[in-house]
Amino acid sequence: MAFSIYDFTDLAQSIHNGLSSSLTPVWTTVIEWAIIGILYILFVALFGLFLVYAERKVCAAIQQRIGPNRVGPYGFIQTIADFIKLLMKEIINPKGVDHFLYNLAPYIVIATVFIIISMFPFAPGLQSFDFDIGVFFVTAVSSVGVIGILLAGWSSNNKYSLIGGIRSGAQIISYELSVGLSLITMIILSGTMQISGIVNGQADGWFLFKGHIPAFIAFVIFIIAGTAETNRGPFDLPEGESELTGGFHTEYSGIKFAFFFLAEYMNLFIVAAMVTIVFLGGWQPLHFGTGNGFNAAMDLLPPIIWFFLKVCTIILLIMWFKWTFPRLRVDQILTLEWKYLLPINLFNIILMSVVVLMGWHW
Amino acid sequence: MKALFNYIKEVLGGFYTLLQGLGVTGKYLFTPWNYVTQSYPENREKLQMFERFRGEVIMPHNENNEHKCTGCGLCELACPNGSIEIISKSILTEDGKKKRIIDKHIYHLGMCTLCNLCVRACPSDAIIMGQKYEHAVYNRSNLTKVLNKPGSKIMEGIKE
Amino acid sequence: MTNEELKLTIAKLCSSAEFKDGAQFLEVIVPAADLHHLCRELRHNGETAFDYLFCLTGVDYPTYFEVVYHLDSTRHRHVVVLKARTASREYPVLDTIGDIWPTAYSHEREVYDLLGVRFNNHPDMRRLFLEDGWGFPLRKDYVDPVRIVER
Amino acid sequence: MAEYREIIFNSDKIQTDDYFVNIGPQHPSTHGALRIVAKLEGEIVQSIDPVIGYIHSGIEKMCESLSYPQLIHLTDRMDYLSAHMNNEAVCLCIENALQVEVPERVKYIRTIMDELTRIASHQLWWCATGMDMGAMTTFFYGLRDREPILDIFEETCGARMTFNYNVPGGLMFDIHPNFQKRVKDFIRYFRKKLPEYDTLLSGNVIFKERTKGLGVLSKEEAIAWGVTGPSGRASGYSCDVRKLHPYSAYPYVKFEEKLATDGDTFWRYQLRIEEMWESMKIIEQLIDNIPEGDFAVKMKGVIKLPEGEFYQRVESARGEFGVFIVSDGKKNPYRLKFRSPGFSNLFVLNELVKGVKIADLVAIMATLDLVIPDIDR
């Protein structure tokens, strides 16, 4: 059983071979699904908790505070303690809610997260699905999450929730466009929609550097639109703490609230991971050209560490936005999308097409 | 063309202000050791209140268990919300005269607004403001205190 | 305008006004019936131009209520204090001046809430701080054995 | 399900009704127990009705049974952010009624304290405004810079918020020996930090877009509704009591009364930032020149005001604060009325919010700088 931290293909293959040698194909598949499912659940829970902790520490640093420091060393177990508290809380079903939809909404939101994460290659060989329309699939599924938020807002039978839910709908549907268009810009450069293909195409340099100015513009727009998609930072209108007290999740408590909470942070991860895959080379180390000493030095760090390093940097950036900027108003969010991001994006696609056609990229 | 130029200027100018904002917070983000928070229960020993800090009304006693309060009742009169009650008793002095002295100086911390008027009114500086700041108790009746210690006497040389 | 000139002007507008030189401001006691008319004149007359009502309050006297209006002019910077007395303590009623200075609406609601003086033509004569049927706490004969402790 | 279908397919049965949202009494952006009943159409506010009285403490009634020195400590608890000005207003009113001239030293110290209070109040307002707009970080920066001022207060007055530092005829204590050094240190520190406020919030394109041209109050409206303080001055209404009816040491100092003409939310915001600069100028002019002398004049044991009515106006952090005392010659006032700036400023809100979004309602409310105990008293 060959194992290498640099390439997980052999490991996955050997597990598969080991299972299929002693079991029928049906059972092999079932057990593989179970292993993958457990791994993803563990990953979402642990990374979500880590992100909550990181967010608290980042905002504390920005605000010249210490942040969580009571439970465990440097408050590291704080989020776990909070999670246990949320699990043990009584689940309250307010009077007058639409029970079926009210209970369904958090599961829709969290399920979307799992579907999208299954598309991501964390390292060579660590990817469960690899369609040839991978990027398209990710954008399509990510807009399913908004249904959960809309349902939560509507079924809570609360005016604040309703306003929050509707705001969220308007916002995500608009920004879906910018996310899609900036991805299209990069697909023009990469020539494929398959996620593994996009990552492999960046072996000799990340697309952010390969695509020159249009790639950089697409990068900025993708980060803005992605922040808006996650309902975070200056775009957190659906929650709108100072106006709507809690927005769409005002009426949720206990584990159902935890689902929304976890989903928000995992959406943050999804956006950061998409940025990493499409612009920053996925798990590819920082390469310039092919076969020089610099590339060899960069190859020493395992790809999985490269991937999470890049993801965490992007997450830090998005958290930094959230704790700096004031919130936009609902009409300004739409203005920003339709009057600024969309025209710039369309222009950018043309620019990128010209760059690719003329062969100015490398 | 001018409109296009203005549009680009607007977008870039907006971006610049955002970057400036990020610069302000970034300065603190990347120096996380410069925090201003005080870890409260840990620094309890070091925590020094200012000398004029008004925590509660106390009556200082010297080593012979003597205080300066004559029981004149001026603090009771000065208090705006009735948090001081003075109960006096009369005793016979050595030369056979009757004299009223203080029996109990009752102070309701729960009603006190720490306005310092009683300390100001006291002619013999018998009561002062203490520096204690942790007043939480489990029972409200514990907030009612008797300021003169049991068995205490008035100091020599304090005139009525 | 000096206080003397103001006196003359006001005497012209309202013959039954009584004057009193207060410690700071000119105080005018206006009959309740003339109050609205006089206020409107003082507000819109170019020489007086009292456009800023900076304080409106009520005082409870043994036989009547007095509502005190402090008026200031942002143009001429002179101040006058108008006082209107209600006819009785049982049914205290005055005219509203909220149509002249809109800020008076909320202050009149406060006076109604705390003293029970009603204002005619006020569009929204509800209690402001307290519940309906509470009583009028700033009246001298208000008793509340629970919340007011006499020393 | 059947009723839904009936409603959806028989559209003449759909009825529209007014949509009311209760903002408060427990709501993050009302800064206290204020309730606003907003009538909405979608996200657009049609009209609002402020409901107050949740923390009414009957201070005016209590004052009627307290003697004059005693009632001053109650004014701390009204507008707790400009407690010094409130204290001073009552003291000035009593001193004027008794024709007592306080020493120069008292005037200087009172003025410095007033301006420090004003800066502290505006800092807290800045925190809260940023937070209402969704920028949480401003809250911590503002409180961080407010801390040195509160330390100065604690060292000299003995308390951080409810000082009760002014007494009729002077001050309760003399200033602490460290006072001048600490104030100068603070001014030096804050001159560096205040530009940060501008880059972080006022210069921010999102903030400008959200506040410019929003909730415009014209000068005539401001006067008619009695809106004073920075909110009134943003409309071009010159209403600074420090200039118009100078008291304490204000006649001796040079400062500008900042005025704007737009009267929108942005200028109400900007004027408060500029007022902090002006306040620092005033303190710098006074802090080195505090004259020697007594910190209080000797007053009678029982203070009785002559019969009559007395009114004193001061400029608190929120606007014109007035004390109206009706005295019948006894040791406690016959009637005492506080003209609080927040009360007048609150009721103009209905004029400002017609046709704006909920988020704007919060922004407008923030820049009117409402302190609820000041309104409820």
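A, B, C and D label the chains in the order they appear, each numbered from 1.
Operating definition for what follows: a residue touches a chain if its C-beta (ideal position, glycine included) is under 8 Å from a C-beta of that chain, and two chains touch if they have at least 3 such contacts.
As the structure is a computational prediction, the values presented were derived from the model and not from experiment.
J.: Shared touching chains for chain B and chain C?
T.: Where chain B and chain C share a partner, that partner set is D.
J.: Work out per-chain C-alpha centres and flag the one nearest the whole-protein C-alpha centre.
T.: Chain nearest the overall C-alpha centroid, as shown: D.
J.: Need the most distant chain from chain C, centre defined as the mean of C-alpha atoms.
T.: A
J.: Express in whole angstrom the distance between the two chain centres, defined as the mean CA positions of chain B and chain D.
T.: Chain centres of chain B and chain D, defined by C-alpha means, are spaced 25 Å apart.
J.: Just curious, how far off is chain D from chain A if you go by their C-alpha centres, in Å?
T.: About 45 Å, centre to centre.
J.: Starting from the mean Cα coordinates of chain A and chain B, work out the distance between those two points in Å.
T.: Computed from C-alpha means, the inter-chain centre distance equals 51 Å.
J.: Taking each chain's centre as the mean position of its Cα atoms, how many Å separate chain A from chain C?
T.: 64
J.: Would you give the residues of chain C that are in contact with at least 2 other chains, written as numbers and ranges?
T.: none
J.: Give the residues of chain B that touch two or more other chains, as numbers and ranges in rising order.
T.: 18, 21, 24-25, 36
J.: Could you check chain D for residues that touch two or more other chains and list them?
T.: 137, 144, 200-201, 204, 206, in rising order.
J.: Which label fits the chain touch graph of this model best, line, ring, star, complete or other?
T.: Graph shape, chains as nodes and touching pairs as edges: none of the named types, so other.
J.: Considering every pair of chains, which are in touch?
T.: Those chain pairs satisfying the definition are A-B, A-D, B-D, C-D.
J.: Which bits of chain D are touching chain C when the two form their complex?
T.: Those residues of chain D that touch chain C are 52-53, 56, 58, 60-61, 96-97, 223-226, 228, 237-239, 244, 308-311, 313, 320, 322, 324, 326, 334-335, 337, 339, 343-344, 346-348, 376.
J.: Report the residues of chain B in contact with chain D in the complex, numbered from low to high.
T.: Those residues of chain B that touch chain D are 13-14, 17-18, 20-21, 23-25, 36, 50, 52-54, 78-80, 113-117, 120, 129.
J.: Under the stated contact criterion, what part of chain A meets chain D in this complex?
T.: 59, 62-65, 159-160, 163, 167, 234, 236-237, 240-245, 323-332
J.: Which residues, counting only chain B, touch chain A once they are in their complex?
T.: 11, 18, 21-22, 24-26, 28-32, 34-37, 39
J.: Residue numbers of chain A touching chain B in their complex, please.
T.: Residues 57-58, 60-66, 69, 320-321, 323-325, 340, 344.
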